[in-house]
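Consider the two complexes below, in which chain A is the common component and chain B and chain C are the respective partners.
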Partner chain A sequence: MTRRLLILAGLLALAACKREQREVRLDPPALDALDQVALMPNGIGGAPPDVLPALGRPYETNAYQLSQGKRLYGWFNCTGCHANGGGNVGPALMEGWWRYGPDVQSIFASIRDGRPHGMPAFKDKLTTEQIWQLAGYVQTIGTYAAKTAAPTRNDEMQSRPSESRGPAGADIAPPSR
Partner chain B sequence: MVVLTPFPHALFALDLSRPGAPVKWRFVPEADGGAEGLACCDTINAGPVIADGKVYFNSLDGHTIALDVATGTMVWNVRTASLDRGETLTGAPLIADGKIFIGNSGDDFGARGWIAALDAQSGHELWRRFSTGPDDNVGIGPGFQPFYAHDHGQNLGAASWPPSGWQHGGGSVSGTILFDPVLHLLFHGTGHPAPWNPDQHDGDNKWTSGLFARDPEDGMAKWFDQIDPHDLFALGSAEPGLAIDRDWHGAARHLLIHPDPDGYVYVLDRANGQVLSAAPFTTVNATRGVDLATGELRRDSNRASRFGTMTRDVCPGWPGATAAHSAPSADGRLLFIPVSRLCMDMEARNVSYIEGTAFVGANVRAKSPADGLRGALVAWDIEAAKPVWTVPEPFPLAGGVLALGGVVFYGTLDGWFKAVDAESGRTLWQFHAASGIIGDPIAYRGPDGRPYVAVLAGLGGSFGMVAKSSIDKRDATAANGLANALQDLPEPSDPSGTLYAFGLP
Partner chain C sequence: MSVAPEEPEVLDRRLDAAALDRRLDAVWQTPRGLWAALATVDHKIIGRRYIATAFVFLALGGLLAVAMRLQLARPEARVMSADRYNQVFTMHGANMMFLFAVPVMEAMAVYLVPLMVGTRNIAFPRLNAFSYWMYVAGGIVLWGAFVFDMGPDIGWFAYVPLSGPQYAPGKRADIWAQMITFTEVSALAVAVELVVTIFKQRAPGMSLDRIPLFVWSMLVTSFLIIIAMPAIMVASTSLILDRLIGTHFFNPAEGGDVLLWQHLFWFFGHPEVYIIFLPAVGMVSTLVVTFSRRPVFGYLGLVLAVISTGILAFGLWVHHMFVTGLPRLGESFFTGSSMAIAIPSGVQIFCWLATLWSGRPVLKVPLLFVYAFLFTFVMGGMTGVMVASVPFDTQVHDTYFVVAHFHYVLVGGAVFPLMGAVYYWFPKITGRLMSERVGRWVAGLVFVGFNLTFFPMHLLGLAGMPRRVYTYPAEMQWGSVNLFISLSALVLASGFLLFFWDAFRSLRHGIPAGDNPWDAPTLEWATSSPPPSYNFARLPVVSSAYPLWDERDALSVATGLRPDRREVLVSSVADARPEARESSPRNSIWPLWTAIATSIMLVWSIFTPWAVVWGSIPIATALIGWFWPKGVPEDDA
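This part shows the complex of A and B:
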């Protein structure tokens, strides 16, 4: 009986460990389609590419994709202009207020095409997929809605509440040490 | 009176002879909004300059513009800085000898520092000299006679860097440019080496974080003194200080009094660049004084920032112990220094140079010093090299100082405009403005013959941008870490700028 229970527990544990699926390499047609954001004429809002829901919105919900976005955020000098989300010459990305729209396709467009008051265009520097990874990650910095996935923990200075931990605008004092 | 607003700039001419000083003309140049992303320290400008019937100013997006001061019509407009290379213009032009001298900003974007001379009549560029690179770029030739041995050598502006590091090495000329009619020399400072991460700029990083003396005719260097070789904390030495001729321990000398962001007042002989004295005017723990025989800054190895480590409680922290204009007393005995007493934690990170993006490579968290006083106005006895009095301030002083007769005027980030007694530091008068003050007060005689003091209130700049709605202070590294130290900076009741003019008795 005990043995049976143990086996059952083992099986349950295995089932619970179903690993998150990650799409390491997308098919070229899917990649092309990812670029097809239907923005409104002012470059904001509109609709994301159809493939995004078909793929299950991985850039917003998949921990691997979010972690990739977080690494790119440091590697491509977003930090220099937006700090760790609190802003510098570029505006804060964590306070829940967006100049160009809160939806992921607007954020994607901000990064891909740049914005007139000093946001450089990254379309020649990053692949479409990397830009989606960044867009998904940027959305988590301030956490506007609870998310089930989070990027990896900081291995550097923890200067603000970590991603996906609290609603934007909540009055959380940053760690002082 | 001519007033220039921050970027996107508007230039106003006010008619002081009419009640209420109505606007006589207004000039709004075409603006490239892209410059806002390159404004490390907010979209500020040191102001316009009037000479020979013209008003000259630099725009953040890289133009130098001359207007007719009577009518506001444009005389010329030349592009002098390249946004693509991370360059912006924030300094005021200097007009001397029929020429205009300008320098760039952009250390935090990997721009290479330069100073250029333009013809005042046409805007035509006469020469341009860089702060890094081979000797011919820098303007180093046979006439270059630095005082200290470590500044002698060939092509040090390239050799004292990792391969090609000088090409994105910073050293901007964002501060005041001084003209000395007696020695017929220009003096200017150079900004910090880029990026901040010190392990990515191994070497002495000539000719950043130091002071140049140059020939105004061709820009060739006469001497250079590197205040901070291999500047670890991105402090730079952008402001050259003040040229004062006075008695120095019994002999008349041409002095350059240079309060540096590293926390020392340097007194130099401006004819040859020799450091005559260097003493700390605030709490300093990153260095242990200056060796006057060699000109060497002694570092404290416990507070040497290195890649991958967190260096804590470095004082002074970015943006340095003083970042605004000091003023001398009328007799040249005292110097009134606007001080920031902030310290910082710094964690150096790797960064790649990507054109048009910030080239920083550091997580920075500015902090109050142990005693909690983040600012001060220090009256400094130049010859004795010690403070005479200190007015403690709750916030760092971001604006300059005006000394007039026996009174010292200065503004604070929390909106006070103060007048203190030059002998004792006692507050004589204060006024609360609608916004924080980061500008320099000025004195002038009005058309009615009365003396006035004027100051522009309007929060901004490195410190003031913390109060902007685009900054989220929950991130301690926001605004280069100043968000952490200035959590309590009050948001101005009025976000626009206000010009105040006070009549003097």
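This part shows the complex of A and C:
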């Protein structure tokens, strides 16, 4: 019993470690590997690079990476076309329906390579790491379960509930697929 | 309740000394065993724990300081990453202020004040136990988080927007905010206990002008705590609300205010400095009197100086905010009030000097620390007057000059007297003396090490080195001074190491002290060292401010308390005329349960607001257990 508790505490500790770590610079090989997304021929779905789970999926679970993503989202004017997730010229990113698939590697591909109907490619403007940060963050905009690692409000006018409180898209009728 | 002779219960006056001791001990003692240790409400046991825990945090904070000095010893050093360094300096500051300095002063008071005013236990002893557990829990939360790479990294004063939701991702800032809640709850609890103990439980005859100066300081300190701490509780709670549920207290875009944080923080933060400093003043007064072998010069002046420092403490906070662009008139006002604090401080310094001058000082280790204090604190006071002026402050704000200044006042002004106080009261607490010879080395190493470490920081600051940088380029030419500082820090650290070693060694091998090794005049020495569980078999009656000097042969005592239940004497506020016998609670495990329940709620609430709802149920349950009548004699008022 005590051993089980100890193991549990250890795991919790590890999880906490990962969630709060601030990895500012990855090793170059890891960075290269992060670019190897095996997409399906239509540019959707497929498998994420193997290093992602090996690193502990930091871009979806790590508080620092998520908040970096949020920062880039503002800095690179994603808001210009997607607003704060509600959509404008570009589609909404918070209503839980994805034209190109809900998985993180599809979102990564959308940002890196662009999409035919007006989504510019960002691979020349952002590093691989930054694109992953964005992808991880974009996934949480419409999060359907509150995520404590997600960032909360910015010091700005508030347009919607914060990412950590989710589901932000609840007041938008869930689309029938 | 009147003390009529026809009362049915056994009163202590019918018992001889041995029988009385036996009966009192049966009622007051804390039995052996873990359970009893967790349930005790004896202010001496809790005070001892409090002091020991605070010194553990001092040692931990000291290790962090050494780590920082290692990193800064050379330009571009890579002992730790910038992120780790941010955590380390934040932890060092938060730990030293919230887990060491304030608690250690209160801890000394928890142990000493009931003895000094001649009563058997502190007021609200169960609250006292609760406060200790909350304090430990707060410390564990902070240090546990640090171990898990989750330590706060926002500076000990956690300015928004840096600590706000946008710029402080994760839970690190929330850990800071909740640690504040823990320590403030415990500090407020102790403050309330001390005020009531000092106002209502003084020995008969201890009128206001006969209260020992340390007790006066603690009274004023307690009021400062009660008035100042709510401000920081409001601030940290607003911060956590902003971060967790997206309120907008500090969001200007939605009508919040960033500067509000600094006002709230420093409305607490400046008095905080005096919350640390005033108890030290009381310690210095005590030591000066005992070792100059004469009553203090200017008792009234000292008391008034302490009170006026306490009042002025609330009119200075803006001098921490001179570079935020406040209106000129406001800045001038706060410059004036900041400089005014030099007046009561000066009064105290001159009273001590006069006492020493006209007495026959006995140069024991505690007095050495007083001398170290006088020199260092005056230095810190001088730079304090310098940074009180706006143009000068604008130049050195956020540089190492400020680091030097506040270490001079905090270490010089509070830690030196505290170390003297430890040498002085160690025999009271343990029955053994610390080593006089080692003590001289400690005093020397710490004093010299301190000055060599912190004086050059003034120069670094004037040369423009900012605080809170994890490294600096070699071209700035700060390298050699920094190396010198880091080496000196090792001297300082070795002094502290020797101090801890001496304390440990003396616990077992110190020379037995006897009841009153220093021939001190105040009541805590009127009982055995260490004191029995009930402090005084018969409560002393006081007819002067220095009872043990003025009534050398035998102290007058009061009788009429019941020996078969825990009872303390309640006396009037001004003249300490006996008013009533009041029961004092027995040991209880419920404060521990309540503290555990509260801790769970507070930590949980970092992650979800629902913790406040569900977490309050166990707290309420524990409180019901705490207050439920148990059918013991103490229940019938």
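In this section, the second predicted complex is superposed on the first by the 145 of 177 C-alpha atoms of A that agree within 3 Å, B and C clash if a C-alpha of one lies under 4 Å from a C-alpha of the other, contacts with A are read in each partner's own complex, and residues count from 1 in each chain.
Basically, a contact is a pair of C-beta atoms (placed from the backbone, for glycine too) under 8 Å apart; a residue touches a chain by one contact, two chains touch by 3 or more.
Not measured: the values here are computed from a predicted model.
Novice: For A:161, using the defined touch cut-off, is the partner it touches chain B, chain C, both, or neither? Pick first, second, both or neither.
Specialist: both
Novice: For A:67, decide between first (touching chain B), second (touching chain C), both and neither.
Specialist: second
Novice: Could you say whether A:38 touches chain B, chain C, both of them, or neither, answering first, second, both or neither?
Specialist: neither
Novice: Hey, is it chain B or chain C that touches more of chain A?
Specialist: Higher number of touched chain A residues: B.
Novice: Just to be sure I read the superposition right, which of the two partners does A:151 touch: chain B = first, chain C = second, or both, or neither?
Specialist: The second partner, chain C, only.
Novice: Which of the two partners, first being chain B and second being chain C, lies in contact with A:47: first, second, both, or neither?
Specialist: After superposing on A, A:47 lies clear of both chain B and chain C.
Novice: Once the shared chain is lined up, is A:22 touching chain B (first), chain C (second), both, or neither of them?
Specialist: second
Novice: Under the contact definition given at the top, report the residues of chain A touching chain B in one complex and chain C in the other.
Specialist: Of chain A, residues 156-157, 161 contact chain B in one complex and chain C in the other.
Novice: Could you pull out which chain B residues touch chain A in their complex?
Specialist: For chain B paired with chain A, touching residues are 33-40, 42, 108, 310, 345, 347, 349, 351-352, 354, 356-361, 363, 365, 470-480, 483-484.
Novice: Once bound in the complex, which stretches of chain A touch chain B?
Specialist: 74-77, 79-81, 83-92, 94-95, 116-120, 125, 142, 156-157, 159-161, 172-176
Novice: Would you mind writing out the residues of chain A in touch with chain C in their complex?
Specialist: Touch list, chain A to chain C: 13, 16-17, 19-22, 24, 63-64, 66-68, 146, 148-149, 151-158, 161-162, 164-165.
Novice: Would you tell me which residues of chain C are touching chain A in their complex?
Specialist: 81, 83, 148-150, 161, 164-166, 169-172, 242-246, 248, 250-254, 607-608
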